[in-house]
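This is the structure I want to talk about, given as structure tokens.
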Amino acid sequence: MTDVAIMGATGYGGVELIRLLHAHPQVRLSYLSSDTYAGERVCDVYPHLAGVELPLQARDPAAAGRCDFVLLAVPAGGAMEIVPGLLDAGARVVDVSPDFRLQEAALYPRWYALGHTCPNLLREAAFGIPEWHREEIGSARLVAAPGCYPTGALLALCPLVAEGLIETHDIIVDGKTGISGAGRTSLQVDYHFPEAEADVAAYRVGGHRHLPEMVQELSRLTESEVRITFTPHLVPMSRGILLTIYAVPKAGAGADELRDCLRGRYQGEPFVHVLPEGKWPHTKWATGTNDCFLAVGIDETTGRAVAVSVLDNLGKGMAGQMVQCLNLMMGVEEATGLGLPAAYP
Amino acid sequence: MTDVAIMGATGYGGVELIRLLHAHPQVRLSYLSSDTYAGERVCDVYPHLAGVELPLQARDPAAAGRCDFVLLAVPAGGAMEIVPGLLDAGARVVDVSPDFRLQEAALYPRWYALGHTCPNLLREAAFGIPEWHREEIGSARLVAAPGCYPTGALLALCPLVAEGLIETHDIIVDGKTGISGAGRTSLQVDYHFPEAEADVAAYRVGGHRHLPEMVQELSRLTESEVRITFTPHLVPMSRGILLTIYAVPKAGAGADELRDCLRGRYQGEPFVHVLPEGKWPHTKWATGTNDCFLAVGIDETTGRAVAVSVLDNLGKGMAGQMVQCLNLMMGVEEATGLGLPAAYP
Amino acid sequence: MTDVAIMGATGYGGVELIRLLHAHPQVRLSYLSSDTYAGERVCDVYPHLAGVELPLQARDPAAAGRCDFVLLAVPAGGAMEIVPGLLDAGARVVDVSPDFRLQEAALYPRWYALGHTCPNLLREAAFGIPEWHREEIGSARLVAAPGCYPTGALLALCPLVAEGLIETHDIIVDGKTGISGAGRTSLQVDYHFPEAEADVAAYRVGGHRHLPEMVQELSRLTESEVRITFTPHLVPMSRGILLTIYAVPKAGAGADELRDCLRGRYQGEPFVHVLPEGKWPHTKWATGTNDCFLAVGIDETTGRAVAVSVLDNLGKGMAGQMVQCLNLMMGVEEATGLGLPAAYP
Amino acid sequence: MTDVAIMGATGYGGVELIRLLHAHPQVRLSYLSSDTYAGERVCDVYPHLAGVELPLQARDPAAAGRCDFVLLAVPAGGAMEIVPGLLDAGARVVDVSPDFRLQEAALYPRWYALGHTCPNLLREAAFGIPEWHREEIGSARLVAAPGCYPTGALLALCPLVAEGLIETHDIIVDGKTGISGAGRTSLQVDYHFPEAEADVAAYRVGGHRHLPEMVQELSRLTESEVRITFTPHLVPMSRGILLTIYAVPKAGAGADELRDCLRGRYQGEPFVHVLPEGKWPHTKWATGTNDCFLAVGIDETTGRAVAVSVLDNLGKGMAGQMVQCLNLMMGVEEATGLGLPAAYP
């Protein structure tokens, strides 16, 4: 059994990690920290985890660092404070904060109003999408798990950009997310049930923090400039993200070619599923899972490519992907402990 | 009092018309037809309309034609069969089917798999968006009320196209709709509560029938070719549409200029509201009303204009707009009988 | 025009009052107070009220007292502080806090942890259900509008108790409410969208504050002891209450007799609708309205009477009823300004 | 590996069985029948089951009977036609239709308008709640899995009745269910998203078919007459049932005694969780799982016991319980293959 710590264990990402790892056959959850609920047990805070009587402790990086692996689900700026110490203590880390996602330290002041305190680690961190960085992740000391939107966008876009099938300077990503992405501690009016129910709205138009991750990762795959317009929307559901992606195909690239590109790239991947022509994915297919569903076509009236990517923002978009990375780092089968398909409907 | 008939009175559009017109101070609902519920009373079929004891009758165009006005809410292909007779009988008609929206008869076989049986009326029909065709509607014998998506898209796009502020060959409309737009009689699995709840999905990608209306109406305002990629999505709410529109601004057009264009155009309009910089509309603001809320900005990273348009698909997107047209045709104050603002939340 | 003030104008009850009264033909909204948004305009805080450019002011009872009527939507304990002054200033008051609902001052410490500061006014206050206290309300200086649950329960139970058709010592009220009843400022995790969506739970089992109102009002109608078990539940919708009421019919009282009792009592009432045998009401029928729908039957296997009462907690359960009371106090037609039936679906 | 057949594999219960059993370490799904989708593969009908490429076949009891176990999820009346043949062929059966739940054949014409064709099997069938019939189930040829409501009601009531802590002639069960309980093929307007969203309503008041199961099972535990008033309600969620149960405690039975009774009875049970004083369960805790959460208290104002029971109608209320029974019949660990706790929120 491998000792694993979770810091930030009672946010939505943390509790999903507990759910998955408590049943993981090769993991022992040895240390769970919670700023809000230190001193209580998991099952008292979240009664649906009736069998998880583990204690929640105050934030203590030294204790976490004694574990083999630390999964970090703390807010932006919180990870960079403790990751160097964790690594020094010999732990390996999967961090889902943005603190190690961007390779250019200069982007942090601009997008997160934070100066980076350990920029030397930015180049070391592996970007935590296993389908694109499996080997780096497997041997990494530090994995930066991407945001939920970037995971969905990149799984759809990376193959098309890597094979040069779409123009990169004119990509539009229209995102629709469930509201659990807002987390549990930020009780704003926008997420108050009476206002969020039966409502749709755009937010942070043109300025969402997940944009630079998308640009960075696509830029690794092409020499062309990557420019993306990204508009996220809140829709009235708890979990799930659907991204509708518009791009200009390069000369000669038809719908079949785009679809074959995705299919070829994800052949054999256990969690990425490419749909046949004329089928478009539903967010409900991925709820509670580590699955991602992709579809692509070409709008005949304009010739523009339209791709749709679906995942669970707390699954493949967060905790599921972290466990997938952890499995790679532990050297066990990649799908271990990642549960069943979605409970539908 | 003016005698008004509704044909198709028990669909969602019909029952919304009854709600509005039963309380209209200058209208008498003299004839209501329902294929499904002929022989019953409105209040028996829809108990929330407890005070509306009017009878529902079998479809009888001759009876409808004896009224001053006929509001048609019948399926595609149904209106073209009866409109000529209604006009001959001297009635004036507001039709919310697609049968008279498209000016080119040749588009009907392609988009609706229907041959048009009275193409001579296509040029006569006024396109029923009062903010753009007020005078024609006021004097028309036949008004073709537009679809819910086109109403929202056109209210946002027409001013920008008319003033030459955006390129017309590269417009993307990403629509999110509540499920009442599917109507009441088409009980498909996609609209079955357990499957539609907590779910988002795209549908009819690249092929929705509302597209040619959008292209036609924008083409009236420009000599450039109009090309639109339109992707509609179902979101888990009953009423409401939000359209996110992406377009390339013409050289020199900044966010303020785009916003001022919308504001100037809709100054004094009772139902179209343009939001200040940084505010984006919520569908819930329009629920149950004839209101439309618009916002526009420019995404700095790509320079692309992003506009958002919100309305109630059964309100300004259907029955509300029909009543607004009817008021113009009757020569009464345009907002008569159109109810209160939204019951929020 | 009559000058009306609203204190607590930006809570859900307050904004519903503004919606209704801004369009009321005999009311001028002369003073609106908001602790949270003083200094802003209504349309800036609630953009869906685009036409309501009225200013929101700091709490100033003297300013409110210069109006003919004051509608109070402030929290428990807030009304008793200012009502005496308002009355002294000559204003008439409709208060939707609990401060004047209970006639026994001794109940306030027990149920609200408050000592009552003006107990002399408790006997003067009219209980604001027009269908049961129309004349008192019409001439009252002070009306105590009841809670949302008691309104629904009492409209169903009062006729049956008054006519002696049910036993009063063994009544069960099982309530299901939409979440807007929790108000807007109390942003608790229980009302956070991701947790409240797709969830049902009981709360305050056996101890909800609306219980003593129910007991008090029924006790006025009978000499028997009234005992009620009341269990409220949160269901995932914004507006609406459904109460399922179980009671033992007195010897000889059958389903028809119970139904006839309700029907006879509410004959001619514009807002209370009794359904025929075999029909049971839906909360959606009342959304956004001042309507209440009632049904009753007898469970054959046990002989127990089952009644169901439906209303909108912010409509007939709050702002709608307050406007109905205001109309009575102003001497205008009781339904003035109370809007259309529900926008369905 | 044990060969298992599912008949009725593409309804909501069937697809949940596939989800659970496809990953079951000791089960091989050898035969799946679907009247609607025969000839297709599971993953084509339900794309979220991307890895399940098993074929769906026409209904063929002989083929099913060649398996060791047959799980039946066919409509009322369908099971009694094929169960005798399956048993003759040597298969053991878990049937979730009502066909073998009631021990008195005479109840079928009354509650299901069906004459029973193999009444001799009624006494043989084990009633499929493992917590109450573990040994019978383990050795049974035929298990009648109970309805979703009865499972929840009986888990709460059986201990209290068995120990004589409540009166049995005056029990009220007020049920709230998600809409997946209506199944997938019955596309009625009541389950159409626009009407079911944001709505609550009672249905089949006094006449729901799950009532006689509750009465029968409780009657086994007491010599007193059992009388239950059962009122089910639809609430706007897909999965989940909450039952609020009202009963009169017998003299001397306090809240602690009732709670201790439940706790003692379910000590060590993996799927039934009794909450401490003052905590009441949420349906969301059980979504997608085989868990049941129970709480009980006493309403001080009336002395009545109030118990709340929560489960997932498709989990412990259907497919989960069937798998739990199957495990007992197979002689493997009872929780095998029953998945993780709920994905919350």
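Here are a few things to note about the model shown:
Chains: A, B, C and D, in written order; residue numbering restarts at 1 for each.
FYI, contacts are C-beta pairs under 8 Å (C-beta built on N, C-alpha and C of every residue); 3 or more make two chains touch, one makes a residue touch a chain.
Predicted model, so just to flag it, every value in this text is computed and none were measured.
When the interfaces A-C and A-D are ranked by C-beta pairs in contact, the top one is A-D.
Note: the chain lying farthest from chain C is A, by mean C-alpha position.
The centroid of the Cα atoms in chain C and the matching centroid in chain D are 39 Å apart. Chain centres here are Cα averages; for chain A and chain C they lie 46 Å apart. Computed from the mean C-alpha positions, the centre of chain A lies at a distance of 36 Å from the centre of chain D.
Among the residues of chain A, those touching two or more other chains are numbered 12, 178, 180, 194-195, 197-198, 236-239, 281-282, 284, 287, 345.
Residues of chain A that touch chain B in their complex: 170, 172, 174, 176, 178, 194-195, 197-203, 205-207, 211, 227-229, 231, 233, 235-240, 242, 244, 246, 280-284, 287, 297-302, 304, 306, 308, 345. Taken together, the chain B residues at the contact with chain D in this complex read 12, 178-180, 182, 184, 187-189, 191-198, 236-239.
Only residues 12, 15-16, 19-20, 23, 46-52, 180, 197-198, 238-239, 270, 273, 275, 279, 281-282, 284-289, 291, 293, 312, 314-315, 339-345 of chain C touch chain B when the two sit together in their complex.
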